[in-house]
Amino acid sequence: MLERLRQPWPDRRAELLLGALACAVLLIIVLMVVFVAREAWPTFRHNGLSWLGPGGNVDSQIGTMVNGGRDFHLRAWPLVWGTVLTTGLAVAFGLAFALLASIFIVEFAPDRLRAIIVPVVRLLAAVPSVIFGLIGILVLVPFVGNHIVTAGQKKSVEFVVQLSGASLLVATVILTVMIVPIMIAIIVDALYAVPRTWKEGAVALGVNRWRAMWTVSVRAARPAIIAAAVLATARALGEAIMLSMVSGSVGFAPNPFDGPLFLLEPLRPLAATIVEDAESLQAPAVRSSVYAFALLLLFSSLFLSLAGFLAKQPMKKYGARI
Amino acid sequence: QATPVITMSGSTSVAPLATLLAKAYVKSHPGKVKFKLAQGGSDVGVADVAAGRVTIGNSSRDPKSSDPSGIFFNKIARDAICLVTNPGNPVANLSQETIQSIFAGDVRDWSQVPGAGITGTIDLVGRTAASGTQDAFQKIFMGSKTVTSSIAAKASNGLVQQAVQSDKNAIGYVSLDFIGGVTPAGYNGVACNLRNAKSGEYGGVRNFWMVTRGRATGVVQSFIAWVQNNAKAQAIVGKHWVPLK
Amino acid sequence: MAVATRPPKRHESIATWRWGDRIAFALCWAAGIGLCLIAALIVGYMAIRGIQYLKPSLLWSHPSGEVDQSNSGGFLDPILGTVLLTIIGIGIATPIAVATAVWVVEYGRPSWLARAVESGIEVVAGTPDIVLAIFGLALFQQGLFGWMSFTAEGGAVFGRSFLTAGAMMSLIALPMVYGNTREGLQAIPRHVREASYGLGKTRIATIRRVLLPAVKPNISTGAALGMGRIAGDTAIVVVLLGATLRLESEGSVPGANVLKGTGSTLTSYVYNNSPAGEGNAAEKAYAAAFVLLLVVVALNFAVDLLARRGAQTGLEGTRLGAGR
Amino acid sequence: MITDDRTTDVSTTTPDAAGPPPPIRKIVVDAPPTVAPAAHTPVGHAATGGAPAHVRGEPGPERMALGGLSVFYGDNEAVKSVSLSIRLGEVLALIGPSGCGKTTLLRTLNRLTELTPGARRDGTILLEGTDIDALEVTTLRRRVSMVFQQPNPFPMSIFDNVAYALREQARKRPGRAVVEPLVEDALRRAGLWDEVKDKLDAPALRLSGGQQQRLCIARAIATRPEVLLMDEPCSALDPRSTLVIEQLIGELRQDLAIVIVTHNMQQARRVGDKVAFMYLGDLVECGPAEQIFDAPQAQRTRDYVRGAFG
Amino acid sequence: MITDDRTTDVSTTTPDAAGPPPPIRKIVVDAPPTVAPAAHTPVGHAATGGAPAHVRGEPGPERMALGGLSVFYGDNEAVKSVSLSIRLGEVLALIGPSGCGKTTLLRTLNRLTELTPGARRDGTILLEGTDIDALEVTTLRRRVSMVFQQPNPFPMSIFDNVAYALREQARKRPGRAVVEPLVEDALRRAGLWDEVKDKLDAPALRLSGGQQQRLCIARAIATRPEVLLMDEPCSALDPRSTLVIEQLIGELRQDLAIVIVTHNMQQARRVGDKVAFMYLGDLVECGPAEQIFDAPQAQRTRDYVRGAFG
């Protein structure tokens, strides 16, 4: 075998071999969709599309499944909504923050500071989610519970949920901190990759550095910014462990119309739900539901990358490099 | 031939006990058998043993209608479930009715709870439906009533303990090992501690099970028999849990 | 931007800027400083807690399922587990990723397939680890994969083992290795390849003797990043590694038995000892988390070194976040 | 509002700004000599009284003055104490072998070198008598504008490219109505209007290389700077575009001081009123084009203009 | 290296070049005229019987013959039915404005254009009478070797760079002992040996631009090709390295057929025995250097060599 490798390869065979390996990746994805979809099928067949809709208390529905109910009835809306909320808020804040920070790193940071920030960013990007979860549950959650949530607020919703500190607020904050470095990493690289001639062209016209950055570099880097947002969204969607630790894990859909209070309400996104119910997989109804959650996540990340791709198209025309 | 291996998986609450027992058994029966222990939750244990992935599944919950057929639950010990409140709000005693009305969501303010030190909303902390503790609590304490859906359902004893610890208005229920940092409330006039549980006065006890595929045979059988009957084994159980006898 | 710093000070003042620009400027600074503060807080807090609770003995004593934490042992096995799992994962990921990158950049015919593979990797990168985990469970409990964990007499497959977990972990690392390798290859100017072709070398010869050596730094950078991701992942471990306290070997073949066996990693150890897991030993959790953090930092450091080595070889090793 | 911090004396800016007819025709009309003689005169013979590339007016007032200017990249001294003066209405052509510091010198004139980490500068540069270090950098760069070697239009529409500087330099963003005439004027002066007036909203990067470069010139002169720096503006272009741009330069010199770097000596001869020869950072010789090419003083100049090296 | 920047007249070159490393001395010995005459001859005067750039031997046998060669990129015809013959012991210099198809033509000669998607070729190219399409491509490229505009050594040690070229595909890689003498020989012929013989294992990318380019030449001639193609080999180099490489070319021509693309007409004159002028894909004129520069037939050639454009 080794001997064969040492021999010069005919180009054709090499190409086929490498190509085959590359296609293996595709195969895995197909397998994944198929397997997950197959497992998820029963619950969808039973609930139809109203599976996504609101109705009843999702926790008790799952509860009955866990305790062996053969009943597939499930209305996953609170979980979906929880996912949308955490992801949406985190990405919205995160993107703005990351963009500013990236511009700072590339343009304004003094060399010494830049030399510090860059590794810091990569470190942050690498901190395992379980550590964020640990800090969240042992530090932030008690803090919010004891110092931010007021008795009045607790009373106002006592018939619906408990405000224990584990809340949308904490979840969003930590999630933001988790995804910002990922975005910064991508955006910074893109900003650096903007052809120097463009920025110099702008600066040479007597445009100040911020404007040059904003009107030319950032503009040229939009595809990367979108890519960053997509990746970050995917991460936020999929974050399970940390959220299961700090989100309060209640199948409740916080209502923005409750005013600021809704930030303090607990919830449980899809991914966290999967983690927590993974141990009851042997109950057929639970199994099917859990895989249904997974399928939902899978498809949303599929659509994400598709959406990102489409969003980049119009920019090609003006010479953005994608 | 090679020494047989007993593989266990299942309830994380049973795991510590199972480990201790296994150690002692190996010591007293050298070379007779080896043990491997995985955790993952009661349901995992039941499922694994049913599928034959392990020889023993540990469960901290009683058999369910939904459990796969052909498995056999061997009771090995019992464990007390304590109602716990925040140290800032010690409650000496709770009657079953009080508990039921609190957790059913009928009573929502400490002022309505006899013996409560404080007033204000009651923060209910419970367990997710998957957990054996939840199952036991429902059976033992709630009887016909069901736990209100507004309860903050935690995934583990630790979370409940932590939630109650950090929230003055909270009340929850945990297995006896988890009363550190919180104050256990008496139940029907009996304090929740190991002694009362052993003596049988304390009512709120659940069972620990070792589940086998069909009736246990061979080394497994002898191990479980040892656990159930051997004095030393029960002594080990007695350290933190409630022995059968 | 290094404004040449020597008298006379070059005159540049934001006083002439529009108000909007000045505010944006301020915001940028705020964001940058804020970033550093957050990082400092997190690392600092973990360090304090870690040093407070980390006793050397914990590092080389086996964990045991005692109730009172005082004698529930240390986390030697989780450390070993982390190392083992990381090696397996990266070991599987690297060859596939590199091969894929080479194929896409150097051959990429038919182009639709190349594009498909590209976006395929993108999808993998975007797939939640928890989804991978339960997909792995569904996949590896098929009888076909019995050899990776073990098949019980009932014919059912356990499905949880270092091999199965590692296989799924490789999917997490794959995009990183792939991305870096591809960047490296694309950074090599076309005329370098042509020079080789011009000398009458085949594509594959060029790849093996010129391109791969040139992108070695990128590959190792990607690998290091990927290892960081693997070491830091929890969901897959919790679901797919069985989270046994100790390394439980399976079968009699030395070496293989460990791979086929179950165990735990630092992440799952932290998770299980945090209130979220059944155990509630904050001290142990903090200590282990600190060690985990150190591991990650070490890997990052490795990334830096590798990248610097890459820069020296002339064709610079580009990397996420590294800038230029 | 747009022209707020432009301090060019009105006299120079107004006349041409009046009604410039379609440049192309204009070129044919009043600048036939631009190419003709050079094209038909063998370089060698030019020595024997070849007509100068174009009619030279009196050099106007001095715009910029370099005194003992040195530029260092780290320890490498790329420009070695150069002294020069740049006058209105005069085209100064910088020639010299690759790497001799032409670009560096040029970039220093509007403090672009400050963008290069590790670049240091000695000596004084005066713009209309005031040290450029004393000027706020954006103000300076608005008055001393630059065209680069590679055409670098921004990834926007043609219109936005020209409007860019106008909008950005204004304290508050002027509407399209305000900008439109100025854009048109700039495009006309850059001789690009007729080619693009129907596709102003097309991406600038769709233009041909020559058009892109002229767009960049339009962009640079839109805000009516006092000095225009050009770094090998034609080296990336085909012969025709080169011709057009050389004619363009011939026109712009009337109300601008122009410094152009070029590799092509014939080009330097055609467009340059004054020519400066640099070698390894030294300013070897500087004088009227004829002198440099037909009667160079220094040996190195002689060798170079005879194409012995470079 | 040559210690003197006035690279031009032998009087100054020979003596102090004689001091330092052999390769120069070698060059100076058997090719002194390489630069001298051209250097002394102002381009213009060359008309009046300037000596040819160097002593020309009889053109050797024909190596390659192009017949009606056309190259298309998509629909754009970059080279339009060119017919040429390339002879042993003769340096053919291709000149022409940017984009006229020089590089394309060159790359077609060893079928490198096949790597460009959408590039098509018409007409015949014969190498020693056999159609190059009939030859196995790797064999062809070993016989018709190429040096590129950018010095592009591989990211390996100096030794490996040359050895890489030598190691045959077919057999398993020969040991260092086998290739060592060949590498040394190649480096000697490229006049690089004495500069690098002590640091053969240093990364090639640490070398200076000029050294890198000569390394690439060494790499290209290591396999003893019959034809050597060079695409603007000096345009990225400083004057001194340029000189050395021109001298090198002067030597190599004895046992090679060389085709060199250049922008610099003086260079073409100095190194080229034959010069071919291309314009927009057409081969306008091809003939001895003197003819092209001093008595060009075609108008376009005349304009071009007089620097009217490009």
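A, B, C, D and E are the chain letters, set down in written order, and residue numbers restart from 1 in every chain.
As a working rule, a residue touches a chain if its C-beta (ideal position, glycine included) is under 8 Å from a C-beta of that chain, and two chains touch if they have at least 3 such contacts.
Here the structure is a predicted model, which means the values were calculated and not measured.
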- Would you kindly say which chain has the C-alpha centre located farthest from the C-alpha centre of chain C? D
- Query: Can you name the chain that lies farthest from chain A, using the mean of each chain's Cα atoms as its centre?
  - Reply: E
- Task: Could you see whether A-C or B-C has the larger number of C-beta contact pairs?
- Result: A-C
- Note on the structure: With centres defined as CA means, the chain nearest the overall centre is C
- Message: Distance between chain C and chain D based on Cα centroids, please, to the nearest Å.
- Response: 52
- Query: CA centre of chain A versus CA centre of chain B: separation in Å?
  - Reply: 36
- Note on the structure: Per the C-alpha means, the centres of chain B and chain D lie apart by a whole-Å value of 85
- Message: Need the CA-centroid distance for the pair chain A / chain E, whole Å please.
- Response: 56
- Where does chain E touch two or more other chains at once, residue-wise? 169
- Mind pulling the residue numbers of chain B that touch at least two other chains? 40, 155, 159, 162
- Using the touch rule from the top of the page, what residues of chain C touch 2 or more other chains? 1-2, 16, 202, 205, 274-276
- Item | Residues of chain D defined as touching chain A within the complex | 110, 112, 115, 117, 138-143, 145-146, 148, 150, 152, 154-157, 164-165, 168-169, 203-205, 216, 219-220, 223
- Query: Any idea which chain B residues touch chain C in the complex?
  - Reply: 2, 9, 12-13, 15-16, 18-20, 36-40, 48, 51-54, 155-159, 161-162, 177-178, 213, 239-240
- Task: Over in the complex, which chain A residues touch chain D? Could you list them?
- Result: 111, 195, 197-198, 200-208, 211, 215-216, 219-220, 317-320
- Item | Contacting residues of chain C [partner chain B, same complex] | 64-67, 152-158, 160, 242-245, 248, 252, 262, 272, 274-280
- Across the complex, what residues on chain D touch chain C? 111, 113-121, 131, 133-139, 171-172
